[in-house]
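Structure provided below as structure tokens; questions to follow.
The first chain written gets the first letter, and so on, giving A, B, C and D; residue counts start at 1 in each chain.
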Amino acid sequence: MSRSETLGVAVIGAGRMGADHVRRVDRVTSGARVTAVVDVDGERAEAVAARVDGCTAHTDPAAALAAADVDAVLVASPGPAHEAALLAALERDLPVLCEKPLTPDAASALRVLDAEQRLGHRRIQVGFMRRYDAEYTRLKALLDTGQLGRPLMLHNRHRNVAGPPFFTSSMLITDSVAHEVDATRWLLGHEIRAVTVLRPTPSAHAPDTLQDPQFVVLETDGGALSDVEIFVNCGFGYQVQAEVVCERGTARIGDGHALVTHTAGRWGGTIAQDWTERFADAYDREVQAWVDAARRGEVTGPGAWDGYAASAVCEAGVRALEEGGRVEVELVEKPALYR
Amino acid sequence: MSRSETLGVAVIGAGRMGADHVRRVDRVTSGARVTAVVDVDGERAEAVAARVDGCTAHTDPAAALAAADVDAVLVASPGPAHEAALLAALERDLPVLCEKPLTPDAASALRVLDAEQRLGHRRIQVGFMRRYDAEYTRLKALLDTGQLGRPLMLHNRHRNVAGPPFFTSSMLITDSVAHEVDATRWLLGHEIRAVTVLRPTPSAHAPDTLQDPQFVVLETDGGALSDVEIFVNCGFGYQVQAEVVCERGTARIGDGHALVTHTAGRWGGTIAQDWTERFADAYDREVQAWVDAARRGEVTGPGAWDGYAASAVCEAGVRALEEGGRVEVELVEKPALYR
Amino acid sequence: MSRSETLGVAVIGAGRMGADHVRRVDRVTSGARVTAVVDVDGERAEAVAARVDGCTAHTDPAAALAAADVDAVLVASPGPAHEAALLAALERDLPVLCEKPLTPDAASALRVLDAEQRLGHRRIQVGFMRRYDAEYTRLKALLDTGQLGRPLMLHNRHRNVAGPPFFTSSMLITDSVAHEVDATRWLLGHEIRAVTVLRPTPSAHAPDTLQDPQFVVLETDGGALSDVEIFVNCGFGYQVQAEVVCERGTARIGDGHALVTHTAGRWGGTIAQDWTERFADAYDREVQAWVDAARRGEVTGPGAWDGYAASAVCEAGVRALEEGGRVEVELVEKPALYR
Amino acid sequence: MSRSETLGVAVIGAGRMGADHVRRVDRVTSGARVTAVVDVDGERAEAVAARVDGCTAHTDPAAALAAADVDAVLVASPGPAHEAALLAALERDLPVLCEKPLTPDAASALRVLDAEQRLGHRRIQVGFMRRYDAEYTRLKALLDTGQLGRPLMLHNRHRNVAGPPFFTSSMLITDSVAHEVDATRWLLGHEIRAVTVLRPTPSAHAPDTLQDPQFVVLETDGGALSDVEIFVNCGFGYQVQAEVVCERGTARIGDGHALVTHTAGRWGGTIAQDWTERFADAYDREVQAWVDAARRGEVTGPGAWDGYAASAVCEAGVRALEEGGRVEVELVEKPALYR
């Protein structure tokens, strides 16, 4: 397509996240419009599509992707449905933005990598949107200047007010720590080679059988440590913080001090209660960047390899949680397409 | 126009600010496109228009506004050219976003108010973009809850690394403090009724004849004080801070603590060097909000009355600077259209 | 006295402040002990003296100062009683630490200066204890390095939870702003030559006839401005903050961020509720420094001239409050003893 | 001794720390004086003793403790000399403040515990001075209120500009992390039951064979985790920070934001370069508290059991560093005297 054309986007999945992306592409993003909404629940697809002029509703992804006005695909369906959607998009050589995880496990992720390699060029971006957060990008830019020297340790905090009722102990790793897995790989430029999960006595405010919080230690092939406090029922707010310790200094993000009040014996500010407040801008930037790149025929964000690596690390993490001790991460050799 | 149509925008003025707005409407904003660029310098208009598909270049505003694909006008020309552009836009009943100042003085601002009143509905928004800054909007929202009680004082800091060479002592008020004049009126919901300007010994880093810094005290009709430190050659960074002192507490914005480093005996962070870093998001939000409202046929931002009031206060401020002492602000009675 | 001897201190005034100084000299300070307590209320003197081994109680200052074991005098009686106590101490050539104010007005302060000049050497230190606060001393040290360049403006905040019932509008200046008057003179090394007092609508939480808050602007003979927000019924905490704006940067103290908590949707910390928490260490350091200097026969802290200058500025401030407008400060020529 | 008498203190060890304690007792502390200085190097003892009126110098601790004017003992000699000094002090039933470590290993610490139990009452305080730091004591007080709920995790940072040349990898644990071992036990009220030491690639700025930084994870018998980043060649400053994560919130100390400057594109402040700046007040308070308690015949600070427990944890830590993996801590049953 020429640069002047508007990118027609099919959004697969019309749940909370999918509907939010439809709104974003329609109302926030420049240069794109939603031309199709897909959901296994046809009524839900209809309801979301109805909010956008000229947008069609579908239950079958393949039919949607075949439409003439679909130039790109945004996958926001549940993880188990990702593989089929991704393979369908690759078959039509369409650029894809796929919400994390790429697929639920490393084996299926490898099948997606194989398909993309057969296609011969990269088409998939994975939704690790922290790479588009203003604070994370400033931290990354600072690290890349080298002025702090080599990174030695990364301390991460990831706290939610309360986890959803269906959350299991292993989902703390696969759904939450997955973000720190990607952030560690991206910020440091290292792969992760081993995972240890420590289990403090759970909070009384966590559901009975949930191991919450957990303290996860990632070891990288560059010799760095990245520790992650994940605490999904911390009760007080949504917090994502990162502190990199380098040879010549440290850098820290996530303290969120924008508005400071002094009232009734206390100074301070409010804490975001969920990710929509903390990361709304990051989602906006992510989708805009994907649209801009797609209109140029490029992929500039985290790709299928990053999705696969995160899945492999999380698999090792779940084993470390369940079995105790240190679990090594097994990665296939990195294919030429992703080097 | 129907909501599904894209808003065609004529940008008047193709200097630094105008060119940036062209880029913004073209690449950032959803639902709008630049259809015409106007500048007295035809080559400059051509150069900027050439970056946008299907955009025409003009030297005559009236001709540009007459084009069929022009639905709205963004005025970014020098202040003295604003009145004519605004009157032309009102004549065609087009929504306008006019960079501040509305016009260079209160008398010409009143003529614009008259024209808008004759038209019978509000069409003009003035570019006081702090109202769209995330921190200012949080501060305004907090004040509007009433939980801090009535505002008594507002302390403002406005610092630039270095003023442009053509800056005069009175421009510190008309070009810089103008923002705090609007912020004071908006945050407190008061009109300003008197201005005093105090003159510390100028910094050795300011040009020889420039009174820089200045300390401006605004008195409001609600009995509040708003003091403004304006320092355009502070040398170290671009800083805009505001602290409201209320009956039950204070609230402060502008400390900008996003990324904190610890290096070589110092902790801290960087300071923005100009407004593009501090307020880029605010400009994006301002223009998007204006586009969204214009497509609905509405004006939601600061209007012509706000532009007039700011001009009147700045006129009094310049007199206070030049004559010393306290100068009262004279405002006409607020017309019904703006109540 | 030789350095190895313990300094015998007579404390004049056994009210809250005097009793606290008795405890301080007895239990905190090295090298001094309380040998006499004086109060017009003999029972109060007895009660306080009884807490210290070997300490005598008096109602007559002259008798107390005549005792053999009195080497130095700490004056903590009400302001109107200071002049007599100071003159008695000078007569016996004893080192004095006098709580502020030196005396209640500039005329009586001048009589004390005269007496000290007749004595021929400096014996009086005035209790401007902010000069001993860790943050203020760091700020002063930073300014004295010159690395920030010349100071242009000083912004001060001085807030109390609630003023005592007997507080009058002029006492906001004489009792509270007096500290900023001294801090301004000390930090900048300038004398103050004019005062303006601005009066926002009083807080609904202030007593009916009290002008609270006030906004005081001090102009110095070095061309700097020092503004002071004084707000004695702010309701939320005790806060003393200062920000110096210099030609090459700013420096700020008083934010008090020692312990940061994150709870229930808020981050932040507690605010001290009165000066005992904020300045207890400063009082300890002040008295220790005075004792150490007195044992060496020296005066190193703020002297009688500083007490006089503060009284003269506060007198002008009260006139500015009552009459409106800008009031010039009249100071006698600085005697040789204080240069 | 009666409360009115001054406590005569023998200081054992006249190196940097011992000489500083002599100065502190002589010039800062109320109610105590140095009556004897002991050092194996007689000239050093003489030199330090000469600074204090009436103070004698010794090379033999036993002789010093036998002097009539010695009421208490402050042990600041090297660790291997502690056991003999402590046993001598217990023999004379003198109160002791012993710089950490109590003794270099758990076995010798147990011998000291035995001697104190034979004496039948507690006489020994160990120099874990963080318990006297203003920020740590506020954190402890907050935790003790219970308002944050049960502590789940404690994140510690301990950074030095540069380690001394003789520092070995195991000394990072025994000399540095020993402080966090005590802080963890004290803040949480738990014993530590296992230690894991993780080894990132050492900093290029650390000496060749030194494992620096290390990341130490302590598990407590209360089910909490305490992680410690120890980095003795961080290059940029001396930093001690602690963040407790509880069931209802977090609390953090050590950010040190007292004086904030804005200069040349950066905001922030200085970082202390060694412990004398960060913890000087804590040492002052520690010694004053010990003197006050000793004059009352009491021990109120961390005792011999705390010294023993820290030694036992550090022994396990050194094994964890050398052998890898998780090492359990073996403690004897807590004797009745220390319950």
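Details
By our rule, contacts are C-beta pairs under 8 Å (C-beta built on N, C-alpha and C of every residue); 3 or more make two chains touch, one makes a residue touch a chain.
Small disclaimer: the values here were computed from a predicted structure and weren't measured.
The greatest centre-to-centre distance from chain C, using averaged C-alpha positions, is reached by A. Of all residue numbers that take part in the contact between chain A and chain B, over half occur on both sides, making this a same-residue interface. Centre-to-centre, using mean CA coordinates, chain B is 45 Å away from chain C.
With centres taken as mean Cα positions, chain B sits 37 Å from chain A. Centre-to-centre separation between chain A and chain C, using Cα means, comes to 58 Å. Those residues of chain D in touch with two or more other chains are numbered 235-236, 248-250, 255, 257, 260-264. For chain C in complex with chain B, the touching residues are 149-150, 152-153, 155, 198, 200-201, 203-205, 213, 215, 217, 219, 222-225, 227, 229, 231, 234-236, 245, 247-250. Of all residues in chain C, only 3-4, 26-31, 53-54, 134-135, 138-139, 142, 147-148, 248-253, 255, 257-264, 281, 288, 292 touch chain D in the complex they form.
Interface of chain D with chain B (complex): residues 235-237, 239, 255-257, 260-271, 273.
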